[in-house]
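The same chain A turns up in both complexes below, where it pairs with chain B and then with chain C.
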Partner chain A sequence: MVEEILEFLILGFVLGGIYALFAVGITLIFGVLDIINVAHGEFFALGGYALYIAMVVLGLPPAVGLVLSTAAVFCFGLLVYPLLIAPLKKRLGRRAPGPLFLVLTLGLSALMQNSMLAVAGGEYLKVPPAMTGGIDLEFTYVSNQRVLIVVVAGLTLLALFLFLRFHRQGMAIRAVAQNPAAAQSVGIPLGRVFTLTLGLGCALAGLGGGLIAPLFSVYPAVGFTLTIKAFAITILGGLGNLLGAFVASIIVAIVEALSVLVIPSEWQNAIAFGTMILVLLVRPSGLFGKKQP
Partner chain B sequence: MLSVEDVSAGYGRLEILHKVSLEVAPGEIVGIIGPNGAGKSTLLKTIFGYLPPFEGSVRFEGAMLAGQSPDRIMRRGIGYVAQAGGIFADMTVHENLVLGGYSLGSSRAAARSIEKIYDQFPRFRERARQRAGSMSGGEQRALAVARTLVIEPRLIILDEPSAALSPRFIDEIYGTLADLNKSGIALLIVEQNVRRILDSAHRVVVLDMGRNAFAGASEELRQSDRIRKLYLGEDAG
Partner chain C sequence: MTKTMRVALIGVPAVAGLALPLVWSHPFVLHIAIQALIWALFAASWDLLSGYTGQISFGHAGFFSIGAYTAAILTKTLALSSWIGMPAAFVLCGAVGLGVGFPALRLRGHYLALVTLGFGEIVLLVATNWESLTGGAFGMHDFGTFTGLSGDPLHQRQISYAIVAGITLTGLAVLLWITRRTEAGPAFRAIREDQVLAAALGINTTYYKLLAFTLSAAFAGLSGALYAYYIQLVSPSIGASSQSALVIGMAVFGGIGTIWGPFLGAILLFGITEALRFVGVVYNLIAVGAVMVVFVIFVPRGLAGLRLRRRGRVQRADRRAAESAASSG
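Entry: the complex of A and B
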């Protein structure tokens, strides 16, 4: 039993790394732009496809492939603000957007998913692992790819937090999240920060999609369930709270992995979202409260 | 140095300012007063680029400001202190000042400037690592002023620096403003506290219903009971 628990705990950390990359990106975008990026899962899928092209089609080594695929998704993410959000903002002027931005990213999600389906087909594409082999822990065997996921996700998020804390542009992102008008008054161009934030947030999803691609397959809708799950995670962590999103990701992933031991798997999502609704009703600000990044 | 000419502006299609004009000369303190809803804050927001003017021109040292965004306008050497201060409440005092120097590009230039500000406001050096939002309202307002100084502005625009402050803090902030003015910085101040601004400003502009109602030396206004009664709803005396 103990060995089983440990085994699922390790799985929980692997999943948690992916969830955290994903949910922190959504939270960052929400905190700065006040927009829920429903298309986040499609950037995750895009990361998988980009890695497939880099490694399988172009035959590049895994490390180069992962860097390039993440960079590609970053570039796609950079386009979202200037091509979609800024024009809608401009049309709206000072009118309240209501749910328009939600509809916009929902539209982007469908558009991207369908485009990936049309270009790549609906097959499940296989990407070879970046690392083969693994560690034998006697009670279980951990593949190096899983270790890689935890390490890369952890280091990337650490780098992100350090960037936001100390780098001039990272501080500008936090400034805009806290007080856009004041940020402008010290010379921070809002458009550039919005563009960069969407690029970064999407790149995190793309990296997650690339990291997990060798474990799961790549297909157009691979990220969609993750988007839904990320909503639960971000609410649990407190909307807009980056550290909260990180901790909630790990908690959700571990609970999810361990629950397999006691709860039939077909009930898993029901329980996850039941918990989310419960948290919303009892503590709408999430476990860690709403805090700006 | 700042010249606003026949500016009309407002929100959406709603015009609040109707052909308002004003001038600020180098080193001058100019107060803007008037009843609630006269368009005082709207005027400041239009000058600083938060609102695009419908018509008219805003010039600073000869350069056209109208139509530019605040982050560009501030780079010309203009500081802006918003009504509630507009600090970054969840950041430390030091981070607020560092962001004040964002437009300088080089962090070394900003660091030198921040060092000078710490000499000028020693209490901020003590509180450098404190969360800015945890300070008192008066200190937050002072921090907002200090934050504009990092770029060594030639003009600072302030929207009601005395709002919601106790008299002690009002004295303090106006003392700071007087010092800044002595060092050569021009100030454009919207103020509800008429007595306070008449004591500080060299000239005042009275707005009423979005139009210029009076402009002249503070002394002139102080002596004119009629204007004060008419536009400021004050009892004579």
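Entry: the complex of A and C
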């Protein structure tokens, strides 16, 4: 029993790393732009496809492939603000946006998902693992790819936190998240910060998509179910709260993994949504969220 | 333009359009027309809650799905007539809408949208996993169409069209009546524009929000029941979040917040996407995504807004004419 629990705990940590990459990106974008990126999962899928192109089609080594695919998704993410969000913001002016940004990113999600379907087809593409072999822990076997996921996700998120804390651009992002008008008045170019934030958030998703590709295969809708779950996670962590999203990701992933011992696995996905709805009933602003205005 | 002229200008093409599938009774035309009308009622129901009252639902397909399954289960396992199945779906979904509305009362904007998305996913999971009731991933079939239909397939389809048109148009009329002719309409709009101000003006926002949830869910469920009886197959995928996205796309296309805009938008967009099926199955969904993106940015009021903007231009022209007349006179 103890060994089983340990085994699922390890599984939970691996999954938690992916959830964290994904959810931190969503919550970062929300914190800075006040927009929920419904198309986040499509950037995740895009990361998987980019890695497939780099490793299988071009035959590049895994490390180079992962860096290139993440960079490619970053570049795609950079386009979102100037091409889609800025025009809508400009048209709206001072009027309340209501659901328009949600509808916009939802449309982007449908557009990207089905474009990938049209270009790549619906097959499940296999990507070779970046690392083979594994660690034998006597009671269970952990493949190196899983270890790699945890390590890369952990280091990336650490780098992101350091970047936001100490780098000039990172500080600018935090300033805009706190108060856009005040940030603008001290000379921070809002448009550039918004563009960079979307690029960074999407790149995190793209990296997650590339890391998990050898385990999950790549297909157009690979990210969408994850998007919905990541919304639940970000709500638990409090929308806009990076550390909250990270902690909530690990908790949800571990609870999900352990739940297999108690409830049938086909209900696993209900845990995140169920917890989200329960938490919102008790605390409408999430576990670690600030009070809603 | 006088009122009679306007009624004639809108009414004559509408009646002609509705009668067309009965005159040009090709089975395919009828098939498309019936489904377009079902989507139209579904889109109008979404608009009542999300466009008109401003309570964004991202899981409306959940209500549609519950309505469809209610109809299928009642007719298949209890052998009840469709004329009981449809009102039952209407009432049950209204109750579910009320149940979802209660927790949602405390939530606004993003949080509400995400909770309704979670609701839709839970409906999907239940439909997939409660095999003894819903038939699991394969869904349910063989429960028959609208009770009382017989004869050759074409005739059956024509009658189905008449039934669906009758019910969806009645639904549209009821929704329009509620929003335009009862005190609920202004209350809904006030909640959408400023909830706190609405409450300060003495509007019982709790009551009206729950009313919007209940009515919207009930009509979404009714459209689901119509779908079940016409298609005669329900599976979990009808409650997928992509279906919710599609209905929102239709509403945006038609113009949210007008009720009739989404109704019309759904018919047009469904027609367009079905036509695109001849190009390729994927392209119709790409088109839906593109329509959502382009319309939100460039035509945020949808097709209905084009008419409203025109009226604004006419008004401005009238005012200018009046001003110049006043200055010259």
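In the analysis below, the second predicted complex is superposed on the first by the 290 of 293 C-alpha atoms of A that agree within 3 Å, B and C clash if a C-alpha of one lies under 4 Å from a C-alpha of the other, contacts with A are read in each partner's own complex, and residues count from 1 in each chain.
The rule is simple: a contact is a pair of C-beta atoms (placed from the backbone, for glycine too) under 8 Å apart; a residue touches a chain by one contact, two chains touch by 3 or more.
The shown structure was predicted, so the numbers you read here are calculated from the model rather than taken from an experiment.
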| item | value |
| --- | --- |
| Fit-or-clash call for chain B and chain C when the two complexes are aligned on chain A | fit |
| Chain B versus chain C as contact partner of A:Arg174, first or second or both or neither | first |
| Contacts of A:Ile277 with chain B and chain C, given as first, second, both or neither | second |
| Which superposed partner A:Asn269 touches (first chain B, second chain C, both, neither) | second |
| Which superposed partner A:Leu261 touches (first chain B, second chain C, both, neither) | neither |
| Chain B versus chain C as contact partner of A:Ile235, first or second or both or neither | second |
| Which of chain B and chain C A:Leu58 touches, first, second, both or neither | neither |
| Where the C-alpha centre of chain A sits as vertex, the angle toward chain B and chain C in the overlay (nearest 10 degrees) | 90 |
| Which of chain B and chain C A:Pro189 touches, first, second, both or neither | first |
| Which partner reaches more residues of chain A (counting touched residues only), chain B or chain C | C |
| Partner chain in contact with A:Arg94 - chain B first, chain C second, else both or neither | first |
| Shortest CA-CA distance between chain B and chain C [superposed frame, angstrom] | 14 |
| Chain C-contacting residues of chain A that also contact chain B | 292 |
| Sites on chain A touched by chain B in the complex | 93-95, 168, 171-172, 174-175, 178-179, 181-190, 291-292 |
| In the complex with chain A, residue positions of chain B that touch it | 11-12, 48-50, 69-72, 74-75, 79-80, 82, 86-91, 95, 98-103, 107, 147-148, 151 |
| Complex contacts: residues of chain C adjacent to chain A | 50, 54, 56, 58, 103, 106-108, 110-111, 113-115, 117-119, 121-122, 125, 128-129, 192, 241-242, 245-246, 248-249, 252, 256, 280, 282-283, 285-286, 288-293, 296-298, 300 |
| Chain A - residues contacting chain C, complex | 30, 36, 84, 87-88, 91-92, 98-100, 102-104, 106-115, 117-118, 224, 228, 231-232, 235, 239, 264, 266-267, 269-270, 273-274, 276-277, 280-281, 284-285, 292 |
